[in-house]
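Residue numbering begins at 1 within each chain, and the chains themselves are lettered A, B and C in the order written.
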Amino acid sequence: MRILTLTLMTASWLCAQNTIVIQNGTIHTVTKGTFQGSIVIRDGKIAEVAEKVMTPPGARIVDATGKHVMPGIIDAHTHIALDSINEGSVSVSSMVNVAEMLNPEQINIYRALAGGVTTANSLHGSANSIGGQNVLFKTRWGQNAEGLIFKGAKPSLKIALGENVKRSGNPQGGGFQQGAQQNLRYPGTRMGVEDVIRDAFTRASEYQKEWKEYDAKKARGENALPPKRDLQLDPLVEILEGRRLIHAHCYRSDEILMLMRIFDEFNIKGVTYQHVLEGYKVAKEIAARGDGASTFSDWWSYKVEAWDAIPYNAAIMHKKGVLVSLNSDDAGGAELMRRLNTEAAKVMKYGGLTEDEALAMITINPAKQMQIDKWVGSIEAGKDADIVIYDKNPLSMYAKVEKVFIDGKEYFDRDNDITERPRKEAEKKGLTEKEREIEKKSAPQTRRPS
Amino acid sequence: MKSQIALIAALSLPLLGGQNDTFLIRNATVHPVSSPQMDNASVLVVDGKIADVGSKIAVKGKIRIIEGKGLHVYPGIIDSGSPIGLSEIGSVRESVDTGELGDFNPQLRSIIAVNPASEHIPVVRANGITSVMVTPGGAGGGRGGSGGSLISGQVSLMHLDGWTWEEMEIRRGAAMQITWPAIASGGRFGDGDAPPAFAARRTTFAEAKRTQEQQVQKIREFFEEAKRYQLAKSSGAAGFKPDLKFEAMLPVLSGKMPLMVVAAREREIREAVQWAEREQVKIVLAGVRRAGKMTEELAKKNIPVILGSTFTTPLEEDDPYDEPFTLPGELAKAGVKIAFASFGTQFARNLPYEASQAVPFGLSYDEALKSVTLNAAQIWGVADQIGSIEKGKIADLIVTDGDPLEIRTQVKMMFIKGEPVDLESKHTRLYKKYLARP
Amino acid sequence: MRHIIPVLAVWACSGLVPLQTPLRAEVPPLLAIQDARIVTVSGGVIEKGTVVIRNGIIVDVGAGASVPKGAWIVDGKGLTVYPGLIDALSTWGIPEAAAAVPTAAGGRGGGAPAAPQAGQAQTPQTRSWGPADRPGTSSWVKAADQVKTTDRRLEQARGAGFTSAVTFPKSGLIGGHGAVINLGGESNGQMIVDPSAGLFMNTTPGGYTGYPSSLMGIYAYFRQLWIDAEHYRLAKEMYAKDPVNIPRPEYDRALEGVLESRRVLLPASNPITMERMVKLAGDMKSPVVLWGVVEGYRMADRLKQSGTPVILNVKWPTRERDADPERVESLRTLEVRDKAPTSPAVLAAAGVKFAVSSDGIDTPRDVIRALKKSIDLGLKKEDALRALTLSAAEIYGVAAKLGSIDRGKIANLVVTNGDLFDDRTKVQMVFIDGVKYLPPPETPQGPGGGAAARPTESIEEEQ
């Protein structure tokens, strides 16, 4: 009996240990409205969200009075935390996987986290028509690469169209390695881009067939050599079989349409158009296919294909029934990732969308595009406790992130960050001084035999 | 929706009157910037100038009335550095007129190459920006940099409205843009995150320092030559021949024209300040990212600072994550006069938000607002004309439905020199066109 | 006919050596080092004992080992005998490699591919369009076919106490098969202890342009190459059994080379690259040895857990000499420089098997000095010595032949006048296959000939 009581007590104590209650804040659930209330987090998941909740004894209380609470921000398109981004030497580089390049110690992860981003989709670059495999991860700063990966998510592949692709294989484009002069990489036009993509999926279909034939032979008991596994075509077959998503970098309406027609031809679904700055011109067609669009808030004029870009792009596409998200495309540093909340405010300015519609574009919409909305993207019971606490309305320029939880664990706390600063400085100073001291000691003592 | 109707109604009003640059905005919340906000106040504009500001303004005769109920009136926003009008599509050389060849180009005047029909101008205006310091320097040197040149030319202050650049002009030679050479050793200054491919191209500190010293020497010599020219001219020396480069330097040497010195880090700032003192020239620092120990000296010496975008990442790996956000507040608190510049075209419309980004991280709201209005006017020597809503100043005004430093706020009306300005742009036109696509 | 002419020249002016006639070109078939301190590595230290060598093999060792009749004698009083040292990742013996040896594992960072080293990219480069072009691959090349007794670096290595090296062709992505070699011998072939030490792989593109141009491209290429090899093996096997139904596979030397590989050597400087490489090797279904391992001090647990042996690069990172004085270095960088020399101690404490490499080090003696630094930071001397001897032999599967002073092993020995890690200690002689070599004179220009008092300083200052 005593043992049983003890066990029970331990159990409840443990349970309370894993329980956090974010109390009395303005909760922007994104999907279920905004209200004054509390969130109970248990074992990394959201257990309850309501105006009044049941607080278990021993739970950690986070007072959110006067503060704003929203789901962790999801960046559908970034390039941070990768040790390499492009394998641009060939036009189809689907064999490479940026997940292998995930560098969990890159400071950008922390900076993005401090800006409220809890899930990031780091993509292969746009140097070639069919790029590499992408990586979806959570900004669990301090974990190793494996620990960052968003488990259970469908994998995805990058496709790119237009100027970057044309430029990368072309010596005038710069950035390409020695020998490029004699070795121009096809394609150099949008027509060629279409060809490369259609050809790749055609080859993938043939490869898929080869395997099916082999399987059939084996089933018949024939002695047959299996086809050779081709790491380039495997991911394309996964796309044909609906097991992998596509993120397609595109700008102009004609090329967006072109790509959609290839997808129709090969019956490919699960596409999100990236940047898609002229998406507003073909919003109807995008909506008809049920594809997603992930765009910038207000980028334009940096190149010819961005000349017709308008900040109303997201709003028009949204109004015409396209699932729209906003992304950062950060590569050098996590810059825009730190303020996707105010980027979202721009769809209110340009196009008059509501607060919820704006926040959806950096939370639930990208989650849906990446088919991870059953886990993240809103504050709902049962979802991962990926939560950001702001001191003010996150759509205001005057708001800043105070705390970030991922899977119910606090990964960022502004006060801690500030109090930690002097310690870090001191540690650095200590190491520098130590090194100089050693250098001084081991310097040649001018005992040169003369 | 309601506010949009109000906008249309309000915009149609000025068109009714006979004289466009004379009107009264009434019942609005007026933010003069130079003095506290006034509720239920009016602004009287006569012949393009602010004739009166206050809660009770007597108006003689018939005047166009703009109903400002629920609206706010601010001075037009000033961008203290942008190549707007000189650069249309960043990646197309043919559309870019910044960054002339040669080390010393003081004779160049940016405004004369400004395309008044640039698509960027209406886009930027839509967010409340009424005037810009147009920088001649190229983009190659990074934010606020001047490309390859040391002296890239004269920065012109202009209104973002006019049929010709002459009509847009406020001050042709408002400053001289000069880039203080930095010691560029290593692939990237800092934590060595650059991939080894870059590292292979690294220059050593000694090499970089030598190059930098040579460049500084060039600047010294150029100023020496300019001074000799000045002396030769004033003394009427025999055989004196005019030279446009040195002619353009005369207002700099006499202290009439400030130098906009692009200097990002403490070392460049320190060198530039010391140099300017010796040369006895007036300087404004631009593109400052880290003033460090120089901060107090800048305050003491009244050297203003034009900040580049706060929308950037910390300089060093170990810097606090909010380092770019806290910088404006730190400078302002130390007593340094700050203003903001977009140093670009595509994001120039976000200038007001570059200032407000610093507010949650220590910059006072009032200072943020000043940094894009009155401070800028003071720094560029035009505080008697623009930068605040005061009697006698040019009527560069914006009427908004809220705080112009907040993204959600809409600019409902704009007046430049008292003239109503169209807030439509390529963007709004395409918006309407494609929203209506069947 | 073992020619030991370089040694003979030194004998002439050295009073130490008890061999009678320097002109005698033959090696004594039976030799005993008597009354020496013997550090066996495998079985502790014998304070006063004898090592007996017959025909280049250790036949007896111990305090009570008797000197057989007819044996030549080395009086070991005041001397210490160690097993010969092994450079576990080397290019010694391959004269062509002496010019430029890339050291990709140095420094921090994620190990992104470096630009081709100067001097490396001189041959005309071919444009690679995919894995089928086998970019930067010479998996068919064997160090065993390249080693030469004439490599001038051998003498210097022996002078520092090294008697063996595991030497690799290192160019490109897959340099070729390494060989365990002795650092002396009459013929090239005689130097080879084991011709199949593993495939050396690097993630620095070289020798080609085009694919793969990124680190991830290189990983993908390695994977595809191993898949191709496995398929090739299967095709050959199936064809042998059923030539009627299975097409005859086309001969592919690159894949033959892969299939011959016993293990792969992959670079990993930090925990991030370590995880990547352990996974890669797993996908390749190959035993792996990681090399570089600069940040070994924070990789120990995971290395232990995955049972991965490592070859440490002991050229400890140092501050850039000509750096900007106002440059701010990251805490991370400072930490790496501070802690890198502690790696051996940390790895030893965790029970990770590690050996050391001369990679990036010009003076072989500096390898020992580098380990001395680690000893000062807590590495046990036994562990340091083991890394230089038996661990290296074990990693490459040659512990039956090398790495300790035991009966039956090759008589590779270093004889010193004191503790190996004491910088004042001099190597008196080394034995390779039982053949004695004397160290080269350390200060050839010393006017009085007695300048050996400060050998270390003078060597360092000359660099």
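Going forward, a residue touches a chain if its C-beta (ideal position, glycine included) is under 8 Å from a C-beta of that chain, and two chains touch if they have at least 3 such contacts.
None of these values were measured; they are calculated from a predicted model.
Q: Of the chains shown, whose Cα mean is nearest the mean of all protein Cα atoms?
A: Checking distances from each chain centre to the full centroid gives A.
Q: Using C-alpha centroids, which chain lies at the maximum separation from subunit A?
A: Looking at centroid distances, C is the chain farthest away.
Q: Taking each chain's centre as the mean position of its Cα atoms, how many Å separate subunit B from subunit C?
A: 62
Q: If you average the CA atoms of subunit A and of subunit B, how far apart do the two points sit, in angstrom?
A: Spacing between the chain centres: roughly 35 Å.
Q: Can you compute the centre-to-centre distance for subunit A and subunit C, using the mean CA position of each chain? Integer Å is fine.
A: 43
Q: Can you tell me which residues of subunit C touch two or more of the remaining chains?
A: Within subunit C, residues 109, 112-113, 329, 331-332 contact more than one other chain.
Q: At least two other chains touched by the same residue of subunit B: list those residues.
A: 193, 195, 317-318 - these are the residues of subunit B that touch more than one other chain.
Q: Touching two or more other chains, which residues of subunit A qualify?
A: 83-84, 424, 428
Q: Residue numbers of subunit C touching subunit B in their complex, please.
A: The touching residues are 104, 107-109, 112-115, 322-333.
Q: Name, in rising order, each residue of subunit A that touches subunit C in their complex.
A: Interface residues on subunit A, with respect to subunit C: 83-90, 93, 95-98, 100-101, 103-105, 132, 144-146, 177-180, 182-183, 222-226, 228-232, 424, 427-428, 431-432, 434-435, 439, 444-445, 447-449.
Q: Where on subunit C is subunit A touching in the complex?
A: Listed in rising order, the residues are 109-113, 121, 125, 127-131, 209-217, 219-220, 223-224, 227-228, 231, 234-235, 238, 242, 245-247, 271-272, 275-276, 279, 319, 329, 331-332, 334-335, 337-338, 446, 451, 453-454, 457-458, 460-461.
Q: Can you check the complex and tell me which residues of subunit B touch subunit C?
A: 183, 185-186, 189-193, 195-197, 199-201, 204-206, 208, 265-267, 316-318
Q: Where on subunit A is subunit B touching in the complex?
A: So the residues of subunit A touching subunit B come out as 83-84, 106-108, 110-111, 114, 163, 280-281, 283-284, 298-304, 307-308, 310-312, 316, 319, 332-336, 338-339, 342, 345-346, 348-352, 391-392, 395-400, 417-418, 421, 424, 428.
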